[in-house]
Each structure stands twice: as structure tokens, then as C-alpha cells.
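Order of writing sets the chain letters: A, B, C and D. Residues in each chain are counted from 1.
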Amino acid sequence: MTADDNAATADRIRESFDRQGFMHTLGAVLESVESGTVTITCGFHDALTQQHGLFHGGVVASLVDVACGYAALSVMPADREVLTVEFKVHFLKPAKTDCVIAVGTVVQAGRTLTVCEGSVFDASRTRVLARMTATMMAVDAIFS
Amino acid sequence: MTADDNAATADRIRESFDRQGFMHTLGAVLESVESGTVTITCGFHDALTQQHGLFHGGVVASLVDVACGYAALSVMPADREVLTVEFKVHFLKPAKTDCVIAVGTVVQAGRTLTVCEGSVFDASRTRVLARMTATMMAVDAIFS
Amino acid sequence: MTADDNAATADRIRESFDRQGFMHTLGAVLESVESGTVTITCGFHDALTQQHGLFHGGVVASLVDVACGYAALSVMPADREVLTVEFKVHFLKPAKTDCVIAVGTVVQAGRTLTVCEGSVFDASRTRVLARMTATMMAVDAIFS
Amino acid sequence: MTADDNAATADRIRESFDRQGFMHTLGAVLESVESGTVTITCGFHDALTQQHGLFHGGVVASLVDVACGYAALSVMPADREVLTVEFKVHFLKPAKTDCVIAVGTVVQAGRTLTVCEGSVFDASRTRVLARMTATMMAVDAIFS
């Protein structure tokens, strides 16, 4: 891929991300898009908590699902969209941090299916709070 | 369990649910609590969408995770809390509906671990949009 | 589907099952094939044990994976093969029984992907020992 | 841990592995035990095949489940046993190789639960054929 292709892919992913009402609701930020790896960050807010005032597991899972989905999209042709078929997430540590950083990475890219793995870090970017594996499916971009 | 025990358990779960900032953010409603089964509903809103204007998969997953967690808690002793160890969710159909209904059910209850399964229905309560399996862990209620 | 179609599908699945060296090794028996549901049984043997002399979890998982795969194949056109993309299995109870019965069922059938769920029962056919969810993929039958 | 402790742990795992009738049936070999990482290898044989003559997915899953289980056991106190609560496995490439190499690694060790991840490689030890995530549970060694 050329640098121009990469820039076009990153633009396409940013536009798609911006259309997600739920990412606005979370206050999520698309930090970086590289070929096969996408990073999303999200600052702590009372609106995102579970019953003990920490980041809700559903927030953590949502962020890393989106990171994995766009990581998959970053290696697909420009006329494709991506759907999450399924994901599994392990919650490894309580998400007690000012900011979570969700990184999605492509493990295996196919014409139809792409398998991704994701990690969620705390603000220090060293402690792993959660791990995800996901199956993503390429579909025709019929919606846009 | 007596009817009094069941009512106390339902109260305990309602109080915990009300402390979840994220459930308020979603506009989620704890519809019913029975022993081993919990139902949560959530009306559609633009703040909950993915890039094509449907319910976000992360919202769907969050709702049924919480339903499974409280289903597990509903069969635990009163001095216990519940943590999600892991879950897997399959997205079966696009969540194109005015309201999603998430039902979590206990499949196997143990002293430490409880395995739950969840379904997410559309507003008609007949079409299954997503399916979850989850491992829940009982911990001492040290936070409260 | 006509009764003839169903019979042809069942024959096709039986031939495929018989080509699996590993199913012979396990002593697995293809008990029944219906549209969307396949049942496989396997009697206990010392060659199938874990360290405490019970059925090995890997045996249990293998049987229900195959049951799910053929359940998916049972609803696909005749020129298709099936691959397991991924599965998750929960081991609910120790597999202490003379015979395990693995039942795979189609939950959602698509052109490319089929989602299945499976249960493994003990010889009484009432106790659930394990639960599986699986993503199956249709591919062209290029091998045969 | 001292070198003596490590040697005692490795011995304990080898004895447990040798008691698994199913590992004998597969022809599996416990290649190495380190603290938090266990490697098992298994040569190809017609008795281990799926319908196209490649390694069966169930064999692949069984090997890496055992590798993950013993990886978890390798970081537990000497009076504990390990059970697989659940695992998920993604099959990334057809297992067309003379030998599969399954490596299980501890990702997060707790008093009760240990989360592991596993990879299955082909004989070259470079191509990843499958990936697993698993939840392992420590139990009292009541059986021995």
C-alpha cells in the first residue's frame, strides 16, 4: 500500500468513527490508525461507571470491539464495510484508571473474515486490563 | 428461598443497578428480577448508535452482560458481589428496533463461579439479535 | 426441502463423518442427522481420559464441535463444505458417565456464516455437561 | 521460586500428563515446562484427521487446552489441581503439517482463577494455526 492509500484508509475510518453516536456518548477518541492496528482512548467520567465507580466492563468491551473492527477495516479494500460477528473479552484487572487505551490488531486477514485481538491498557499503557478476540466480517458498503 | 428472600434480593439488585452511572447513560431499565433470570430493556436513541444509525453492538453487549451478572447475583448469598470474568457475544442480526430486551439466565451456579447465558431480543420479543455466554465470579462484598 | 433432499444431506454428512480418522479413534457414532440438528454419541474408554479417569474435556469439545459443524452443513446447499472458524466451550460438570451425547443445533444460518450452539449430555440425556457456541463458515467443496 | 521448586513443579505436571489416557491416544509429548509456559507437541497420524486428511480441529484444541491448563498449574501452589472452566479457540489456518506445537502461557494468575492464552504452531514453529484464550480454576487436589 502507498502512503496515499494509507491516508485514504485512515480518513475513511475517521469518518465512520465520527458517525458513531455511541462513541460520542462515551467521549471516545480515535487516537491512531495504522495498517492492521487501531488505538482508541477514553477518559474517565461518572457517566461510564459500574456500581463501584470504576469504568464499566461494557465501556471497556465497546472500545476494544470498535478498535478491533477498524483494525480489520484498515486492511480491507475501500469498498468494504466491517461487521462484528462475535467477540470474547476477558476482564483481567479492575479498570481503576483515569483513561483506558484500547488497541485492536489484525491477527489473520482473509477475504471474508478477519480475526483480531485487542488489549485494553490503563493510563500508564503498561497494565493490561482486558483482552479480546474477535471475528470480523467484510460486507459490501451498501449503507453509505 | 422464601418470598421475603426473593424481595430482598430484588431490592439489592435494584440498588446496585441504580448505582451504575453507565446504565443511566444508556437509559437502561431493570425490567424484572427473578431467581436466576434478569431482564433489562433499553429504548433506541441517537446517542446509542453505530455508524449506520442502529443500536451499537457495544450497547447490546453491555446490557446483556449486566443482565447475566445480576442473574448470577440473584442466586448468590446476600453478602456476595459479582464480577464478570469473561463473556462472549454473537451478533446474530442487525439491531434495527425501537427497543432492545436483554435477558440473562443462570445455566450453572457454583459457590465461586456461575455460568450464565443471555439473549437480546428486539421490541417484538421474538427475534433474537444476540446471544451471550458468560462466566461470573462471586466475591466478598468489600466495596459496600 | 423434500424428504429426498433430507436423505441426501444425511448421506453426505455420514460419508464425511466416516472419513474423519479422529472420530474413529474416539469411537464416536453419528446417531442422527436432522435439518439443523446433529447428534453424536461416544462411549467411555480409558483411551479418552484426563488425569482423573473421566472423559477428557478435549474429547467432549471435539464431539460437540463436529456435531455443530454437521448441523451447519445440514442446512447448506449440496456443493458446500463447512469449516469451524471458532468455538467457545464451557465445561459445566465433570464428565463422569458411561457415554456422552453431543447435540449441535443451528441458531442462525447465513449464506457464508452459520452460528451454532451445542450441548453435551451424560448417558441419562438430562444432565448438561458442557455448552458450546460456534461460528461455522461455508466454503466451496474443493477438496472432494 | 527456587530451581528445586521449579523441578518439583515440572515433575508434578509430567506425572499428571502421563495419567491422561487421551494424551497417550493422541501421541502427544510434553516438550517443556517452565513457570507460566508449557509446550506440547504431537506428530501427524491418520488417527488424528478430519475429513480431508489434515489434523482435526478437536486435536488442535485439546493439545492447546492441556498446554494452557498445565501453564496455569505451573504457577499454582503444590497442593492445587487445575480445571478448565471454559476456552475459546480460533482456527486461523488449515493444520497441514507433520507436527503441531501447542504453547500455553499464563496471562493473569489469581488465587482462584488463572487466565491463559495459547498458540498452536506448525512444524516450522513460525506459522500460527490456532489461538486460544482459557479460564482455568484452581481446586484442592482431592483426587490424588
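Some observations on this one:
Here is the rule we use: contacts are C-beta pairs under 8 Å (C-beta built on N, C-alpha and C of every residue); 3 or more make two chains touch, one makes a residue touch a chain.
Predicted, not measured: the structure shown is a model, and the values here were computed from it.
For the pair subunit C and subunit D, chains touching both partners: A, B.
Averaging C-alpha coordinates per chain and comparing to subunit B, the farthest chain turns out to be D.
Taking the mean of the C-alpha atoms as each chain's centre, subunit B and subunit D sit 33 Å apart. Mean C-alpha positions place subunit A and subunit B at a centre distance of 23 Å. Centroids of subunit A and subunit D (each the mean of its C-alpha atoms) stand 30 Å apart.
Shown for subunit D are the residues in touch with two or more other chains, namely 85-86, 88, 90, 115, 133, 135. Touching subunit C in their complex are the following residues of subunit A: 85-86, 88, 112-113, 115, 133, 135, 137.
On the subunit D side of its complex with subunit A, the touching residues are 88, 90, 92-93, 107-108, 115, 117, 128, 131, 133, 135.
Of all residues in subunit C, those touching subunit D in their complex are 16-17, 19-22, 24-25, 45-53, 56-59, 61-63, 65-66, 83-91, 143.
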